[in-house]
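Some structures are shown below for you to check.
The two complexes that follow have subunit A in common; it is paired with subunit B in the first and with subunit C in the second.
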Partner chain A sequence: MSAVAAKPQAGGAINPTAMVVGIILTLIFLAICYYFSPTLGMTALIGVVVGGVLIGFGTHFVPVGGAPAAMGQAPGIATGVAMLAAGAGLAGLFGGAWAAEQGIVIAVITGGIGGGMLMAITCMMVNFIYVFGMGIPSASGKVAKDPITGDTQAEFKSQGTEGHGLPFISFVGGVIGGLLGGAGGTLIYMSLLNLYEAALPGIMNVTAAQVMPIAVSTAGIFAVGLFLVNAVLTAYNITGTIEGPHDPKFKRWPRSIVASACASALCGLVAVLIVVPLPI
Partner chain B sequence: MEHIVFGIGITALAGALATVAGSAEDTESNIGSQGDPNSQVQLAPQMGFLHRIFNKAIAGEPPAYGLWCCLGAGLAWAFMAMQFNAVLAIVLGCVLATFVQGVYATTAYVGRTASLAKFGQPIYVDILKSITTVTMAHAFIAIFCTVTLCHLINTALGHPFPLPLLGLIWGIALGAAGSATGNPYYGKERQYQNQKFGAGVPISASGNIVRYADAGERNSIDNGWFTSKIGGSASGICFGMIVFLELWRTVVFEAINPWYAIIVGVLIILIFTVIDRYIEVWARKTYGPYTAAKEAEA
Partner chain C sequence: MSVKVEVIEGGVPHNTILIAGVVSTLLCIYLTYLNVITGTEMFSFFGGLAVVAALIWGSHTIKVLCSYGIGTGVPSAGMIAFGSGVIAMLLATRVSNILLAPIVALILAAIIGFVLGYVANNVLNMKIPAMVSALTEMAVVGALSLMGFAALITGTFGFSGLTTGTVSMFGISLLTHTNSFIGGCLIAVAFLLGAIAIQHPFNACLGPGWTQDRMLMLTAECGFLSMIVAAVMSFALISTGSALISLIVAIIGWAYTYKEYMALSKRDAHSWLDSKPIPEVEGQ
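Coming up: the complex of A and B.
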């Protein structure tokens, strides 16, 4: 078995004890938030946790091949998991934040579409470079047939490689990953923005209009930070490369969701508590 | 209507700036071997292939460009707060960010190459002096174009995010688009120019990168020249399309009805899906399989 084909067997196992500990920790963080701010803060934290879970789940769809993909040795996009997911999700956050005045539903959908567009354009250009720049057709190394198109893959793998390019299922996975990541990032931003818009004027003794730049900036920075936290956590879960939803590593998503929920709850609790006066 | 026409003009300008930024970013990263192919540049001396290729990969392109564009945008924002002219403020901010990139490139090259001392790989001072400035020049173009488009988005199109945050977001997106599109062309097509065209690099050939040029040893400026022709251009088109289409659908359609912008976004995704599928099928039909189907399955 080649170095690329070798997979860490222990990495795929799901540890029930760790999952339960993660869920309990998440509930503890939520309870702390409920104690200090049962309405506004709690609503914001739930939005942050759901957004974080969307980002963590969405990152599993993004086909990332890392260094082997850059040499045409493995399928996927030739960059890191966290980086590509962050690029797509933040482009979505950019669009979602622009539509913030239209309400949370439109903003979240707009954010998702923004992330999906970045991934669709990027995935298309990756195949463009492989086909027209390097003369290499797409081939998956993980499945015999593309689950969507039914195209056979094995005979299109060049000798000594695990496949290359982006088969159609990987393209679709990339777009779904961008959609979920963009929507999740925007949901985090909108949740925190609503909290800061309501809480900051009272704390700083200024009008709602004056507090807007601070609220927007702080919510935006927390959204970017939470995005990176969840994307990097998922990158550890994936351990290097993944082809998309058809890859066996995709089945590890439950572990990542618990980790994302727990990390988002802790980071979100900090984001909430900076505007909630503590009864000390 | 007038503000929509104005918005379309700004969108076109931002798209053009993004195209130049994407192209410069990919060329800069290829000269510095910052993308994923850096693994081969690092591996080669360990396999006995000493070389004169620059390697400054101690961070991926997206976080590195996120830092530099955020720094350029933040400094430009600070200069503008000090009542500097916007053009001067952006230029000064980007120059200072480029100096940070220069320090990063120098320490990264020296650090990475020093770790290969046990394999006999020297640190070439002439390479350090000649290549670092070339990467800085390309980085300045990429950072300047990105910060300028962020300034246009912020002031002319009215995006709520402050300039430094826009710099961070679009810097990361620039690195993501540039590394995704440009890396395979540098990694496969340039570093492994001695391998067959139209096939991936066999894993057994890892580390055996091309080290000699037409005359003398190959250096990273040769790599930048080669990859700028297709990899750089494609990265530029990729990032240009991302910025232009995202702004265009928002500026034109969101003013009429927010749902129109969403529908147009979905249509754009579907159009690129069809184009991608066409390219995939075209390649399968035109290039054909490497082996017979039954033989491959066996």
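Coming up: the complex of A and C.
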């Protein structure tokens, strides 16, 4: 096969054995955490796993166009899955971190709105550039009619392309994806922050006020690390471009949920173990 | 099922680079322990050399992985390397015997990378032969590079050293947690300095004209460029003289690798022209 024809073919098939192994691994990591830190650590780890799953699921909504979109040959935002997910999630995380003192519920909602707003602004500016800069209309190549507005797509689609621009459904998908990603990222940060604020003073023999910069910084860098791991795994699930919730690739989300839960449980476990007295 | 679109031809085999990378990175990180033995901070620059060694190994691993069409772009590989690496590195610094920290980071990162590789290959059905080994290696690269950055900036790689700094007020030196590698969130800057340096070389050099020595020289150049920035940051945490040594080493390394990289680029280019501004022709 030539290099041109060698498109990534991960396929939509689900490998049942691997899915079961993934779920069992997740449960094992949760059990190890319960053994070391049954109350504080376990609460934090569950928050991390839920946040990771939200990120993995939310990323499927985001219209990712990649290089073809930059040339106006595919719909979506012209960059990779990992970059978009990281952008939406980190914007949400920064938004949520400002509201950290208001409690976990308000912080998570604020984070979600932060991520959603970033995606809304990105999608709008992308469409501005497509329509007024490149002179192309928005048309989806995957569906005949927009599922929300009912607008027909085929008349606007150029021959030889998979569609172009950012149809309404993709815009809505992008905002939903940003909401879920931002909320997930903030949930991870808040779970770890609460754990470190409670446990680090005892381990380092310092006061709660002195430990704040370390708790914030450690929770933040762990949240960023976990976010990137989940975003890249979701990118591997999507392989390339996705138009939004109406794309056939969207049906692959169950795989991503198991993968994100397993990866978040392992990385979250390591993050929790930092506050557990180690044998070595 | 993916199809491999490029074949590695010629050059040093990947396993040689892997072994050389592990050994030299660990050696350089341990050489920073001379700081503790001699009671100075002069040997911090070995942390930067560890970063360069790890990055060279890591960028070749990215080349091995991304030779298969993974369809997500090369930068994602650098992001997952440091995303999983930072988690392993932070826990490893917590071990009570500081000399075990780099080894623990290596083992822990390998475990995390292996599980991520399994998840990507089987649960997500990527079915790429090099996936598990490449993600394992990259998590280790991420963890060891961050440990190298930590050693370069603070002179140590233990949790207490990374979270505690001193601030001098009215001539009295006070302990503080804000003025430290983790508390001041210098780790976030180190994270992205490494993540960008590891993904850029293959992203820039890939294609039919790819040559191994040119890509690895570009990696070394990116590594030393990151080391310059990290050495400047280290002025805040270690003595001026020691930070100056790191900065001079980084600048010399960068200048040398940049010169070599330009020479290799000209060697691989079909032809080049040292162009000058368009001359103004009079009388026409």
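To be clear about the criterion, the second predicted complex is superposed on the first by the 267 of 280 C-alpha atoms of A that agree within 3 Å, B and C clash if a C-alpha of one lies under 4 Å from a C-alpha of the other, contacts with A are read in each partner's own complex, and residues count from 1 in each chain.
As a working rule, a residue touches a chain if its C-beta (ideal position, glycine included) is under 8 Å from a C-beta of that chain, and two chains touch if they have at least 3 such contacts.
Every value quoted in this text rests on a predicted model; they were computed, and no experiment measured them.
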Subunit B and subunit C placed together on subunit A: clash or fit? clash
Just checking: does A:I221 make contact with subunit B only, subunit C only, both, or neither of them? Give me first, second, both or neither. both
Q.
Contacts for A:P213 in the overlay, against subunit B (first) and subunit C (second): which applies, first, second, both or neither?
A. both
Partner touching more residues of subunit A, subunit B vs subunit C, is chain B
Practice task
Would you check which partner chain A:G80 touches, where first means subunit B only, second means subunit C only, and both and neither mean what they say?
Solution key: both
Is A:G66 touching the first partner subunit B, the second partner subunit C, both, or neither of them? both
Running into subunit B, out of the candidates 6-14, 114-122, 168-176 or 204-212 in subunit C, is stretch 204-212
Subunit A residues contacting subunit B in one complex and subunit C in the other 3, 66, 80, 83, 86, 213, 217, 220-221, 224
In the complex, the residues of subunit A that touch subunit B are 2-4, 66-73, 77-80, 83-84, 86-88, 90-91, 93-95, 97-100, 102, 106, 109-110, 113-114, 116-118, 120-138, 144, 149, 151-152, 154-168, 171-172, 175, 212-213, 216-217, 220-221, 224
Subunit C residues touching subunit A in their complex are 1-6, 69-73, 75-77, 79-80, 82-88, 90-91, 94-97, 100, 104, 108, 112, 115-116, 118-120, 122-127, 160, 163, 177-178, 180, 182-185, 187-188, 191
In the complex, subunit A touches subunit C at residues 1, 3, 5-11, 13-15, 17-19, 21-22, 25, 66, 80-83, 86, 204, 206, 210-211, 213-214, 217-218, 220-222, 224-229, 231-233, 235-240, 255-256, 258-259, 262-263, 266-267, 270-271, 273-274, 278, 280
Note: in the complex, subunit B contacts subunit A through residues 35-40, 60-63, 159-162, 165-166, 168-170, 172-173, 175-177, 179-189, 191-192, 197-206, 230-231, 234-235, 237-238, 241-242, 245-246, 250, 254, 258-259, 261-262, 265-266, 268-269, 272-273, 275-277, 279-280, 282-284, 287, 289-293, 295-297
